[in-house]
Amino acid sequence: MVLGNYKNCVSARAADPAVLSASQDGGIVTQLFAFALEEGIIDGAVVAGPGDEPYKPEPIVATTVAELMEARGTRYTICPNVAMIKEATRSYGLDKVGIVGTPCQIQAVRKAQLYPMGMRSVGDKIALAIGIFCMENFPYQGLETMVEDLCNVKMESAVKMDIGKGKFSVYTSRGAVSQIPLKLTHKFEQPGCHVCLDYVANLADVSTGSVGSPDGWSTVLTRTKKGETIWGKAIEAGYFETKPIEDVKPGLGLLTKLATEKITKNQKTLDERATFGVDKGLRNPYI
Amino acid sequence: MSKVVEISPTTRHEGHTKLTMQVDDSGVVTRGDWLSLTPVRGIEKLAIGKSMHQAPKISSRVCGICPIAHTLAGTEAMEASIGCIIPDDAYLLRVILQCANRVSSHALHNILSLPDMYIPGTDTHINPFTPEEPVRSVAQRIQKLREVGQTVGEIVGGEPIHPSNPRVGGMYKNISPRAQTKINDLVKEAIPLARDHMDFMISVFKDWDDRPMASVAGGKEVEKTEKFGFHDQGYMASDTLYGSSSLDLDQKWYPERWTEVRPWDWYQGELEVSLEDPDYPIGGTTPVGTKVWPAMEACTGVPLYDGAPIETGPRARLAMFRNYDRKGAMGLQIARQMEYMDCLYGMLDAVEALDTNGKVIADDIPQGDGTLGWAANEAPRGTDIHLTKVLNGKVQWYSLLVPTTWNFPTVSRALEGAPWQLTEVIMRAYDPCVSCATHMMVVDDSKKVVAQKLFQ
Amino acid sequence: MGLLSNLKKIFTGKKPEEPEAAPEPVTVPEPVTVPKARPEAKPAVKPGDVKVEKKPEIHEKEEKPVAEKITIGHVHMSGCTGCLVSLADNYEGLFTLLDNYADLNYCLTLADVRDIPKMDVALVEGSVCINDHHSVEDIKKARRNATIVVALGSCAAYGNITRFARGGQWNQPQHENYVPIGDLINVDIYLPACPPSPESIRNVAVMAYLLLRGTDEQKELAAAYLKPLMDLAQRGTEACGCDLIYDVINQGLCMGCGTCVATCPVRAISMECGKPNIDRDLCIKCGACYAQCPRSFFNFDVMNQFEAIGEVIDAAMGKGDE
């Protein structure tokens, strides 16, 4: 259950080299939204667009492939995508909205659909919710410290950041790679992430992330009928190269392991919060 | 001999009101009072000291049926006080909102009016909720028109009920070209529906006017009287579609013509109910022996224009700007239907004129020096006037003269000469919206201040 | 997973066993028992103009598991009717609700019934002016006459803008004090926001129908769905954008998703340093931001089945694909 309900799981990457060129891993999110846009499955998508400062993304409503391309790549900091979900259906005039988000953001989207108190005319318009695997996130100031002080790279110089194999890596425009052990980054994690019980965006239509697949590829889980249908059409249309997840390394085993680690760790945090004070605890949102 | 009968509460309109009437031996009203019983939330008082940005958000919540009118009147009153001119494209967005709200509100009012009406050519009252045809198709058409209005309200206003996009200084956001196209398409879809619907509704109201006998839904048929719902009061309107404000060069509403009297000068004193009809639908009228005191119970003041009650609303707009002249309760109902098309074409014009790249917020938003500003908005039910003084960004004084407040004393006069059993039909013709109509009495002193300030 | 395993059958499937007629739901508090003040008790006549005849042929393809509708009343206190308009903004869905699931047996704005009758569900809109004895009588009567009381919208739930009321306005300057209905009566379900969306009102209406008229399985689903809204009703009658500060950010729960920004009906919230910033000069105390926040409540038992529940509701509203 740590991987949630899913229908299918594959390892995949975008077939379009232009998409792959600046994507984090397999370019799944960009390529799938581009397909959905071209097919009219969505009118636009809420994605983490470039902000005013480097690596400080702002949510944007992308309605063209060019705008999607601008938003490629992972920024290891918070982009409040759900903040744009209503505006997308309002002044942007979208009827079929795509949204990409971390597991917690996809949870927010589903709550907005099932309990839409303050989300008039939003739920029915969510046409494709893509979730990305997420262990935890960093507030911008935390990320800045990690990159500039610990990795000694100016934010402006960084072209890509990555977490994997126990390291946080920053790639610069001059070709250098600066790495720090992941354990140094823990103190900069967003505290709100430590109560999260979802690693692989269990509630998305399609979830994706690098874990489980070889470099340059992403693991893709299709979860809902909607996700399954759209993914199927995209494959049929030749938008992705895929391999069975069973045939790739490290495969689902690693994904399950990391998901279990996250949930176990955070469940422990939740338990500790219950008795945090003296006869007093911190609030648990899940009960 | 005259008897006292009371319908309380009245139904099928927004808010709580009652009709307290003296009737002659044949049950015809000789003196009628229609008064609000809605508790006074005191919007005008609770806005004092609040930020000028919050006050219009609060006044929007005066009414959920015409929230756009109140938001726009409130926002523009603030802008009038601080002397802020908004960009043209912000104005166009507001015009679109205005039209959208009127379509939606008029359509909702059709649902409230229909139960008193008959399927033409039959003696069957129209139950808008029945799944039977031909009514269901009409009801679906009403909902479709409402959907168009409310959807445009979502796109342009952020929300159709209590719009979030309008702000002091303009609008938070312009809309995208896609949204512009969408509005265009929605309106074009609605135009033929609205035309059919207008024709249908007008035929229904004319059919009612032509009947010798009538009843309210489920009530006893009684003989109608000549000149049903006529009154001799004048009309007040500031525009056919949008409104006017104290920033306009050519102002269309005149504060110096406004006077206000207190309910105890206007409404009846203490009375005892002496006529009762337990079969009046549904639940009967107030029991005989009940003591009533309209002058004490009324929750609104009585605003006068040139010293007399006036009518405001669809007929007033058409009478003042288009020489419309059909009187009586059905004359007003028909006028309302005739506004559908104007709203839709108005929306189309505005959305076509809109530059989606245009700026929608003023460069300079002054904080206000306490000058009095007013904005009159032609709400679905009539002229909705907000007056305010803003000093250093805070509201110092706020007053709302909302349509139904103007119409209360006029309706009271229109009741005279009608059989009491049909008086709710007259009242409903005005599409009362009563939660709004809880207006502060302005004592004479401050009224003079209002007039003087404006003339200086 | 057992909870919703047979969901599809609930609305679309074959006719399950006929449930018992409206047993008292275990999960809903009994209405407070108040000594009968007035024996007037007019018979709860169905309003002529809202009565919806039983008419099976239109929806023949959907054999509904139960025939008996629930009764819903709309009780208007000191509000603006925006919540009722929101209900009406289900457009055709309003007719589906009234045709199949609920008789609107009291609603001054839409129907001619003048006195609050017995009803299964009271949707109460607006706060209560305690200086107006009619209002106080009405809210008590609504509680006595309704099995389930729903605080529909933020005025009923939290006071909303009426929290700022302080009287002084003619013609009733003594109308000073407005309280959320939960300060005077026990409230079963909260549905905050200004106004709550049409979809949320629809969902609560459908779930109330399942709770009161459904099979055991349907009751279980409805109870699970409604539980967080019942918990909100227990949480208290005060709300403010500051709840995000107190109960989410300060508690170490905020992860910066931005839901509150999208939710706020007066655009009082922006994201600063990845967390919501509340412009308290704009906040109207509607409580929508907190209620909508995924870290105020998040019930996995329901949420994990979002797809199936969405299908159930669509099917109930005649919108299902299949």
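By letter and in written order, the chains are A, B and C; residue numbering begins at 1 in each of them.
Criterion: a contact is a pair of C-beta atoms (placed from the backbone, for glycine too) under 8 Å apart; a residue touches a chain by one contact, two chains touch by 3 or more.
This structure is a prediction, so every number in the text was calculated from the model and none was measured.
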Reference chain A; chain at largest CA-centroid distance: B
Middle chain, criterion being Cα centroid separation: C
On a C-alpha centroid basis, what's the spacing between chain A and chain C, in Å? 34
Expressed in whole Å, how far the mean CA point of chain B lies from that of chain C is 28
Distance between the centres, which are taken as Cα means, of chain B and chain A, whole angstrom: 49
Chain C: which residues touch two or more other chains? 86, 89, 264-265
Numbers and ranges of chain B residues touching at least 2 other chains: 158-159
Which chain A residues touch at least two other chains? 86-87, 120-121
If we count contacts the way the header does, which residues on chain B are in touch with chain A in the complex? 151, 154-156, 158-159, 165, 173-176, 178-183
Write out the stretch or stretches of chain C touching chain B in their complex. 42, 45, 47-53, 55, 58, 76, 78-86, 88-89, 91-92, 94-95, 98-99, 104, 108-115, 129, 131-132, 134-135, 160-162, 164-173, 175-176, 178, 194-195, 264-267, 281-282, 284
Under the touch definition given earlier, write down the residues of chain A that touch chain C in their complex. 4-5, 59, 77-78, 80-87, 101-102, 104-105, 107-108, 110-124, 137, 139-141, 190-197, 202-203, 224-225, 273, 282-283, 285-286
Chain C residues touching chain A in their complex are 86, 89, 191-193, 196-200, 203, 225, 228-229, 247, 251-259, 261-265, 271, 273-274, 288-289, 291-300, 302-304, 306-307, 309-310
Write out the stretch or stretches of chain B touching chain C in their complex. 8-9, 11-16, 37-46, 50-51, 53-54, 57-58, 61-65, 67, 108, 111-112, 115, 125, 127-132, 136, 139-140, 143-144, 146-147, 150, 158-162, 164, 167, 172, 216-218, 262-263, 281-284, 298-301, 435, 438-441
